[in-house]
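In what follows, chain A forms one complex with chain B and a second complex with chain C.
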Partner chain A sequence: MSIVTVQLGQCGNQIGFEVFDALLRDSQSSHGLCCKRENEAYQASCKERFFSEEENGVPIARAVLVDMEPKVINQTLSKAAQSGRWKYGQHACFCQKQGSGNNWAYGYSVHGPRHEESIMNLIRKEVEKCDSFSGFFIIMSMAGGTGSGIGAFVTQNLQDQYSNSLKMNQIIWPYGTGEVIVQNYNSILTLSHLYRSSDALLVHENDAVHKICAKLMNIKQISFSDINQVLAHQLGSVFQPTYSAESSFHYRRNPLGDLMEHLVPHPEFKMLSVRNVPHMSENSLAYSTFTWAGLLKHLRQMLISNAKMEEGIDWHVRPPSSGLPSLGKKSLNKDLHFNTSIANLVILRGKDVQSADVEGFKDPALYTSWLEPVNAFNVWKTQRAFSKYEKSAVLVSNSQFLVKPLDMIVGKAWNMFASKAYIHQYTKFGIEEEDFLDSFTSLEQVVASYCNL
Partner chain B sequence: MTQSVVVQVGQCGNQIGCCFWDLALREHAAVNQKGVYDEAISSFFRNVDTRVVGDGGSISKGKICSLKARAVLIDMEEGVVNEILQGPLRDVFDTKQLITDISGSGNNWAVGHRVFGSLYQDQVLEKLRKSAEHCDCLQCFFIIHSMGGGTGSGLGTFLLKMLEDEFPEVYRFVTSIYPSGEDDVITSPYNSILAMKELNEHADCVLPIDNQSLFDIISKIDLMVNSGKLGTTVKPKSLVTSSSGALKTRHQKPFDAMNNIVANLLLNLTSSARFEGSLNMDLNEISMNLVPFPQLHYLVSSLTPLYTLTDVNIPPRRLDQMFSDAFSKDHQLLRADPKHSLYLACALMVRGNVQISDLRRNIERLKPSLQFVSWNQEGWKTSLCSIPPVGHSHSLLALANNTCVKPTFMELKERFMRLYKKKAHLHHYLQVEGMEESCFTEAVSSLSALIQEYNQLDATKNMPVQDLPRLSIAM
Partner chain C sequence: MRGRRVGAAGARAIAGVSRSLPSDHSPRSSGRAKFDRPDDSAPWQLLLPRALPIPAGKRLASIALGKAALPALCFARANPRAALPAAGSVGWLLRAEDLCPRQMLPDPSGPLGDEMTVWGQCDALASLGPPAPHMETEGPVDVRHVQWLMGKLRFRWRQLVSSQQEQCALLSKIHLYTHGCHSDQSLGHLSVTEAEMLRDPEGGQQVSGAGAAQNLDLAYPKGLHFCTPGMGPRTFWNDLWLVCEQPGLLPGDWAAPLDPGGASACSLLFPLRVLLRTLEQENRRLEAVLAWRRTELVFWQWMDTVLGTCAPEAPAAASQPTFLPWVPECGDGELELVVRELQTLEEELREAAERRRVAWEAKARGCGRGPEWSATRRASQETVEKELGALQRRWEQDSGPAQAHGPHRLVRREDGAAGDRDLRAAELIRTLRSQEACLEAMLRQLQGQCRQELARVAGALPGLIWIPPPGR
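Now for the complex of A and B:
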């Protein structure tokens, strides 16, 4: 089944390019470490999900590019075409002349309705090209005006017009300081709206990815290109084909549906995060070997201690022993900074994947009490290695990972709101103080729900 | 891509404007090697087929035929504009874009605002409309003027109200040259304060600049260039004051060097909107992020580096020095010390080979020494544009919404009061039809209100930042 990607704003388009590039490069790579037939099945599955084909065989990304000003889209289109290996559809983009000015209200209330028909038409054309349609993958940032405002508007429209299809929003969480001054306002407005209309929110934090570039990849002068490539690698390791069960003979057909089914059992808890091991520069990779036991041990501890990457993991954090009554368990969790999960999905790719032991993830102590661990944890596998890593594991998690960042953003936005700073910029375009209050209320609710797991 | 129109008013405005167009041509010539009329150039220039008579002849794509500035030149004396039209830039301006008169405003705001305002209202509107029609998507009017004289100050601010009424969706960015302490125009305090009321009410964003600061920067550069430090030479094109490589090949006037600084300011301000980069910043984002309350729209600017040494390998230490300099009071284009006042918001617009990690490292480094208002502790807006300015490998423009503008305004008010108490020169103003003493009292109270706002913010400066109680949710 195919996924249609919608890339919104500068961030969405820059990342979207890296994602498609990474997916195709991996699927065409010769380091698959598996037999030819296996490789071909993998390639075919990847292509079906993300690319359609032109007459001369050049893959065309199943994507719609939206931005309110032309510079980034022009760059993205030409970078793809220059690669020679794939490209974007000729008529797959929608562009205007003047951007949204970092103003969520302008994106949501002015640009959105004004261009609704054109954008939805483009999306519809892309969906019609799919033989069998799985759902939407929407890439956007929260901090700006287009990705955030139009992203929220489009997602709502998709909910109305494609109520049977799934929507996953890839959201970029801005740096704590120094991107956009009104980023906290834009973020809370985006999150509260998406919580109502999206099916799952896959969150990537710029700060976390930046640290991966600095500490794991050893990049000295980190550019947004570097950051987006790390992100694309993480997404690729989630979305590339896998088998559904031990004895299955074909690749899983409905990745989005399966992801949602496993990870979002309750609509109040939609925030997903991605952690992968190992991740390093190509130079280091050449000299490293891995065991599944080692990788999974690190991944499990990253989950438990809420670490965002493989370095600096706090090994002192342990899951509470299951003998304690549930009330005691909750307070202990808070003291130990233990990260309780609702559901986890581990995806393993590479050599000897059948021998990997994931029992550690089935420990009931890791999970909240309202799901049986057998339902809360899933594992997907494929022997086909991903992107030159002989063995790689990625964890998609619905857990308390994002409570602290979310709480911080809500706190900062609240402080700013109390002084009424910048509010006139939003009311100018129809977003009133009540809308802000509604957003605050929804998000406080989300924070409280996650805290009380 | 959007377009901007520059409206240059008065002697000062037109001289700066002239430098701006010169440097803009130089910048685009350096970037656009193939001579193709692209979207970046179209933001400030039209491409015109000069063989076509009349108003037509605009070419939207293809080779550059003849570039015409998107500008309207207004002066109530002929001297400056005539000089421009006889100089090397004469082909860049359309004769239909000019409005001139003979007698001048006599350094009298009232003459500029009321007499010439009503006299030329229709003509000005017509020129502005024409220039807007030539734009595909007009985003911004840049008004350049001085505050201390009569035309730039009076007629320049008259325009603001007109622009607000006629083009409400288009931003109005005003570059205002404030009179220095040793100004030779006696009535400059009157003119400035009368003009400030208009700026308060009708401008979206104001970039206040004063001559003394520009002069100090030039002195600093001269010192560096002439000090003959061992083994270092300064690249001539890289001086923020230079027009080397531009059409005007020699400094024609003593103000040229100073005007070039302001011209560079405007180029850097619009660079991220015109050229590509990994984190773009359009002009509407400046207003959105840097203006937390409508009245507080005065932004202090600083440009670094002032020059580049011919040393090709620039290690990160030099790059970090660029960031440090942006916050030093010696680099501000207004006499102000942002480091020791309170920041409401700050924008860093970087050009050239600088990446996000360099930006973040420097923000982290400099943050502890700066004071931000309690509700905007992380009040940074950043942008990265890939194309550096001519002669540099990278540059930084910092825009600060900071209470350090207060002393300038307070001084201006004091000078005003000294004159007003004695009713000195007041009759020149009152004899203009429609001018009454209430105009003066209203103007000064508008300024007082603004100063009071800054005072209130300053009072919060050293208070501890407290988190306000959040909404509590019943579970």
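Now for the complex of A and C:
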């Protein structure tokens, strides 16, 4: 089943390009470590999901590009066309010449309604091209004005018009020391609105990805392109085809639906984060070998100790022993920074994947008390290797990973709000103080729900 | 403080209903997919088994079950949409199922049309009724777990609706494209099964060679084999186009009688027949399950009464644990005794009932006088009569043109002509929509009752603050 991607704003469009590029490059690679027929099936499945066919055989990404400035979209379109391997649809983009001035209210209340019809038309055309349609993948940042404001508006519209289709928002969490002074306002408004209209919020933190580039990839001058490529690698390892069950031999039809059903059925717990191992530069990859046991051990500890990447994991953090009562468990968690999970999905790709032992993830101590590991944990195993990694594992987790960052952003936004700083820029365009208060309330509730696991 | 104590019955009900909705229910999409690739985009490997026995009928019953289970939980709100699409429904007929398939195969042992089952609409739904709320003694269940299960149910529901829409689009395309290809003029177009059998007769053989078609996943990897590169690149629509170009192809080939020398015809048809028979069996089993579901409530109520009458005898049995229960020889004397006992019991009961009735009547008579009383009585009588009348009218509407129940074949007609036993899809949709409105009203009423009950409970506990869950 096909997924339609909506790329919003500068961030969304740049990342979207890298994602499609990574997906296609991996599907066309010959390092899959599997037979030719398997490779063809993998390729066909990936193509059906993310690309449509053109007469001369060049796949066209199933995407709609939206930005209020023309520069980034034009760059994106030409980069795709230049690659020669794929391209965007000719009429798949919508842009203006105006920009949003990093103002969420402007994006949400002005640009959104003004261009609603054009944008929804583009999306509708893309959906109609799909033989079987699974849902939307909306890529946006939280801190700016276009991606965040228009993103929230478009997601709401999709909720109304395509209420049975799935919606996953890929959200870029801004740098803690970001440049946009009102980024915290933009962030809380975005998150509170998306929590109502989206099914799943897949979050990537700029800080975390930046560290991966610096420490794991050894990149000296880190550009946005490097960051986006790391992100695309993580997303690719989630969304590339996987087998549908242990004993089946065909690829899963609806990964988006299965993922959401496993991880985000509860309306209060929609925040997902991604961790993957291993991750390194191509040069180092040639000289490294891995075992499943080692990879999974690292991944599990990353989950438990709330580590953002494979380096610098705190091995002292342990799951609480089962003898403690629930109250004791909570205080212990707080002391040792133990990350309690609601649900986890581990996707394994590569050689000897059937021998990989994931029992460590089925420990009830990792999970909240009201969900058993048999319901909370799922694993998808696929033999076909991903992107030149002989073995790779990715964890999509609904856990307390994002509580601290969220709490921090809400706190900072609240401090600004308490002194009414920059509020007039929002009230000018129809976002009143009450809307801010509503956002604060709903996000405080999200934080409280996650803390009470 | 959030009220987290919820009966486990609710959780189980939802989990059960959620399981009854298939998770990977996947009618495949249109024929633009390439069929010689062994991947999940090729629709036809699964289409043959799926198209036959489990179409909208079963889903309707599952939907009804799901909707009946939901009122037990206050905050649920299902978003049901009827099985058939509104657009383009004008030209659809449901043809009672005993036609052309018989003419197509020498030994027709299964349906070949696009089957839809028309249920005794009111029977299936009326027998469910609202589940009686009762306290479970297993211990409290965290409400978050229940909300989790509800969420999973919602996701499955949405996927079901999407799959349903996909299937309808597919059916529409096939019926359109194969118009004029069928030997039976009154049908006019091929069904999905017929089209697939034409396109790939060997595929039918391969699929049936997998054994039982019950596990549809098993059929799939076998299907991989018949899509090997050696067969050459083909697309569904190419083949179909070829078939349509030679309109004589269909009747001549299929109507040919079997002869032992015609080895190829035999070898193609026999596995197909086996497959069809297996599918038919599965269909019958599923229908049996559904019939059971409809009568389950009655059965358990009966069991309750049986156990109730058996209970008093338990102590006597317990006092002689080593003896198996045995039927005493019934001498006449004993029988007479029993009869006499029963008669005395009956008398006592009658007297007790009479006493009660007299007492009640006296009481009622005491307060039953006066103009207000008769006015209220008249008013309530009128409301009851009105409601009864409305119900009756609705029943009559529903059972309007004599609707045959059971399997029907979906046929697309441009001219709108219909046989005696044919049903128009538009009418069926209308009926389903009115039932939907009925059920929604019932749901809202039950939700209101639940809310009132909760408010009462909350009011009774001082210091309890209600925090409603976030709106969707």
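The rule we apply is simple: the second predicted complex is superposed on the first by the 453 of 453 C-alpha atoms of A that agree within 3 Å, B and C clash if a C-alpha of one lies under 4 Å from a C-alpha of the other, contacts with A are read in each partner's own complex, and residues count from 1 in each chain.
Going forward, contacts are C-beta pairs under 8 Å (C-beta built on N, C-alpha and C of every residue); 3 or more make two chains touch, one makes a residue touch a chain.
All values reported here derive from a predicted model rather than from experimental measurement.
Annotation for the three-chain superposition on chain A: chain B and chain C fit side by side. Of the two partner chains placed around the shared chain by superposition, neither chain B nor chain C is touched by A:S118. After the superposition on chain A, the angle chain B-chain A-chain C between C-alpha centres rounds to 140°, nearest 10. In the superposition on chain A, A:P265 makes contact with chain C only, not with chain B. Touch criterion met: A:H210 reaches chain B, while chain C stays clear of it.
Chain A has more of its residues touched by B than by the other of chain B and chain C. With both structures placed on the common chain, the touch criterion links A:G99 to chain B but leaves chain C unconnected. By the touch criterion defined above, A:I227 lies against chain B but remains apart from chain C after alignment on the C-alpha atoms of chain A. By the touch criterion stated above, A:S45 is placed in contact with chain C alone, chain B being left untouched. In the superposition on chain A, contact is made by A:Q445 with both chain B and chain C.
By the document's definition of touching, of the two partners only chain B reaches A:K412; chain C does not. Legend: residue contacts after superposition of the two complexes on their common chain; A:Y422 is shown touching chain B, with no touch to chain C.
Smallest inter-chain Cα distance, chain B versus chain C, after superposition on the shared chain: 5 Å. In the superposition on chain A, the residues of chain A touched by chain B in one structure and by chain C in the other are 445.
Of all residues in chain A, those touching chain C in their complex are 37, 40-42, 44-45, 48, 131-134, 163-166, 195-196, 241, 244-245, 247-254, 257-258, 260-261, 264-268, 369-371, 375, 442, 445. The touching residues of chain B, counted against chain A in their complex, run 1-2, 39, 136-137, 139, 276, 278-280, 282, 284-285, 287-294, 345, 348, 355-360, 363-364, 367, 374-382, 384, 467-468, 470-473, 475.
Against chain A, the residues of chain C that register as touching in their complex are 23-24, 26, 28-30, 32-34, 37-41, 79, 142, 144-145, 147-152, 154-156, 158-159, 161-162, 165-166, 217, 220-221, 224, 469-472. Interface residues of chain A, counted against chain B in their complex, comprise 10, 14, 69-72, 75, 97-103, 145, 175-182, 210, 213-214, 219-225, 227, 410-412, 414-416, 418-422, 424-425, 440-441, 444-445, 448-449, 452.
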